[in-house]
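Let me begin by handing over the structure; questions about it come next.
Chain IDs A, B and C follow the sequence of writing; residue 1 opens each chain.
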Amino acid sequence: MLKYFFKRLLVMIPMMLAISLLVFGALELTPGDPLTAQFPPDQLVGMSQEDLDALREAVGLNDPMLVRYFRWLIAFFTGDMGYSIQTGTPISQVISYLLPQTVILAAAALLISTIFGLIFGIIAATKHNTIWDYLASVIGVIGISMPEFFIGIVAILIFAINLGWLPAQGRGSADATFIQNLRYLILPASSLGLSLAAALTRYTRNSMMDVMNQDYVKTARAKGLSESRVFFKHVFRNALMPISVLIFLRLPMLIGGSVVIEQVFGYAGIGNRLLTAINSSDYQLVLTIILMLSFVALLASLLIDLVTALLDPRVRL
Amino acid sequence: MATEYILEINNLKTQFVVRRRRVVRAVDGVTFKVRRGKILGLVGESGCGKSVTAHSIMRLLPKTAVIPEGSILFHPEGGESVDMAKLNPTGRKIRSIRGNEISMIFQDPMASLNPVYNIGDQIIEVLREHSKITKKEALERAVRMLELLSIPKASERIKDYPHQFSGGMKQRVMIAMGLICRPQLLIADEPTTALDVTIQAQIIELIKEMQSEFGFSTIIITHNMGIVADMADDVAVMYMGKIVEFGTKEDVFLNPLHPYTQALLKSVPILGNAGEDKLIPIRGVTPDPSEMPPGCAFEPRCDFATEACKTCVPGRVGVTDSHIVRCVHCIGEKLDD
Amino acid sequence: MSENKKKIVKSSLAKENFYKLLHNRLAVLGFMLMFVILMACILAPLLTPHSPTDLNLRHMGKPPGGEHPFGTDKLGRDVFARVLYGGRISIAIGLSGALGGMILGVIIGSFCGYYGGWLDAIFVKIAELVSVFPQLLLVMVMRVILGEGIKNLIIIFVFTGWIATFRLVRGRFFSLREESFVEACRAFGIRSSSIVFRHILPNCLGPVIVQLTLNTAGFILQEAALSFIGMGVPSGTPTWGNTINAAKELLNITNYPWLWVAPGLAIAFFVLGVNFFGDGLRDVLDPKQQ
């Protein structure tokens, strides 16, 4: 198992490098003076052109691209990510403050959608060919057909504005506890997770039906096991494997979707900051956030990958 | 009450309700008996209902299946007789029989083992379901059973997963799983069909060995006449949901009376039996179950068919005490269905 | 003559599939939804006299009714016209992105699947990389590099959309090239290109077409999401996403619901139609994979 973990980790490194290279390339192509991204603005104010040129030479901005790439990469991993041109704050500070909020949002959405997707999928599979099954699949298709921001808007209209149960905007107050601010998480996380929940319902149902027809389920019954034992030990466990693969595949969409959902709910996360940075052409910040988010996606997929391996002995070897 | 028979099936009917309330009569009045400690071979072409018969005994049928008629009387040694056809297919009673008193092994060992559990887990699962036994003891018994079935290095391999075994080895594991609770009846549903020819012989030998070691009764389901000739004591020949000929091995092989049995024997080579004769395939195809001929189901393919065959379904005729045939041309005592 | 016979066999299979599809109520419903919305978009000039971009300062923020069945937005543009004309662009973007992705995926997939080797290994890695990279972020990187515009959006969709098709085709090729009929073709000395195009590729078409519908639906949703956050089609062009953009302000959600309900439902119904239809197609063309 440990061996498998390290093997997966090793596979990830070239991917991370490839993504970082892409981002660095993009950074090279964007307009703007790289100096302004490397120093706080007040330090550069009042410097003469010669001073600036000297500084440029001193920090190696005239070095070959590959050298600059590795220097940039090392700086990135040591937390020296440069400065936002727009506000002058260190980017590492922006990220460490806002990234956790987005991760919490995505994780909450993942949790909600997995729980509901599994429950509805199991109901549809066990009651298969009944009205419940039919209903679950129709609602499932409807769920994946709605844009998530539209769901978010409707949710705000119903649950926040008309019913007044939950807050429509924001992330709660900074001095309240996490539990107190949980109210602010419910609507955005549910809207973000709805399409995944719908996809999971369909997928769980089909996966369960598939497994139920397998010979080894018949073997389990032939052993004299009770239906519930057959179901949980033999059917559900095996049905989970393809489901975890689906989650793995949908995870990047969840992280991308969080950017949109943050907009709808005015949720102070990294996605929101990303959009303001794009609109103000703060490219250093934009690309650093993008790099960071893709690393998060990669790490999350590694995690799901490990779960899959835990579930399936054939993958482990 | 220990009778001579361990299992008596009387006029068993198993039907599947398919789309639009159409009914497929997969098993349509099957009657046969399994002698205690003996091997019964149930033969027939694919689709004749032999597998459904076996699944009916275990009540492992899909939800669309019903048993509207007939009885399956199981007479366990030192226990009360039960009519398996009347039990609730998911109830406590049938579960205490499955895997414990009657075991079943299936056609495809590759698909019959759960890929995510190691084989030790899967074997002791049966044991622990039916008896109070610690995990350690159960594992020890599982290892002994695997050794008995000549799986090399059984104590190490018990922690391996199904995908680490070859097909033949998997079938041995399935047999171990079936026999670990010392059942009184083993139902082997085409146990060698999915295996290589060389492995087939090994598995057949193994089942025979185990049978003489433990003395359980066996129903072996196959389309291979050679296997029946090799191991069975009694033979039931099935065609389109009915047993067309039943008797001891000698009855059926040396004096086949039903034209279908005769044709079946002529169509396949059997080692040491009629070696020089030319093989003759059975003409025609099996009829569609939804468009069964009104008379004898074999009539359209039969060389001896007469007008009588076309109109009425032949009843069971006892030619001798042990030999029963469903053919209008056979003379003997008329039996009930 | 044999050519003739083949045609008959083919057409009867197609006929049978067509009838199967007709019997799938959801698929028929999906097709109707899709068709009605598509036709309404295409025939937009016949259905509304208004232009989707003309400002009308005397009719700003009018609720639905009368001359403007879906009302007008805050700049006085007719929402009905914006939904119809916007649909044209949104559907065109989704469909062309999916089609481009399909063509790319089929080409790369059949190459890799038939020849295997290092080329295959490289593309598998690229596919893996693109699929773990959140698509939305990729769009942003591309936007930073290429700037905004419909063409760039389609390029991005093609670039991310080939992967599912590629995997599908490659997988089919891997299993089919071991099949005896392909071996037989090789043994008869039939050219590789002929084996690929006449014998293997037709066997992949069903799932590929199903994937096309899925991708079209997915890209329409993405265009909407991207335009909604201002990262998609330039805001001057009417698309479903750009029209719904008004709902970004909380006040508009309650005060001007017609601004976002109509385009939101248009997206949802169209995508729903495509998905129902795609599901029906899958049942018919690819019964194994549910």
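Descriptive notes on the structure:
In this section, contacts are C-beta pairs under 8 Å (C-beta built on N, C-alpha and C of every residue); 3 or more make two chains touch, one makes a residue touch a chain.
Note that this is a predicted model, so its numbers are computed, not measured.
Shared contact partners of chain B and chain C, listed by label: A. A comparison of the A-C and A-B interfaces places the larger number of contacting C-beta pairs at A-C.
Taking each chain's centre as the average of its CA atoms, chain A and chain B sit 54 Å apart. Per-chain CA centroids place chain A at a distance of 24 Å from chain C.
Chain A meets chain B in the complex at residues 214-216, 218-227, 234, 237-238, 241, 311-314. Interface of chain B with chain A (complex): residues 58, 60, 90, 94-100, 103-104, 106-108, 111-116, 118, 125-126, 129-130, 161, 163, 174, 177.
The touching residues of chain A, when paired with chain C in their complex, are 15, 18-19, 22-23, 26, 29-30, 138, 141-142, 144-150, 153-154, 156-157, 161, 168-169, 206, 209-210, 249, 252-253, 255-257, 259-260, 263-264, 266, 274-275, 278-279, 283, 286-287, 290, 293-294, 297-298, 301.
Residues 26, 128-129, 131-137, 140-141, 143-145, 217, 221, 224-225, 228-231, 244, 247-248, 250, 253-254, 257, 260, 264, 267-268, 271-272, 274-276, 279, 290 of chain C are the ones touching chain A in the complex.
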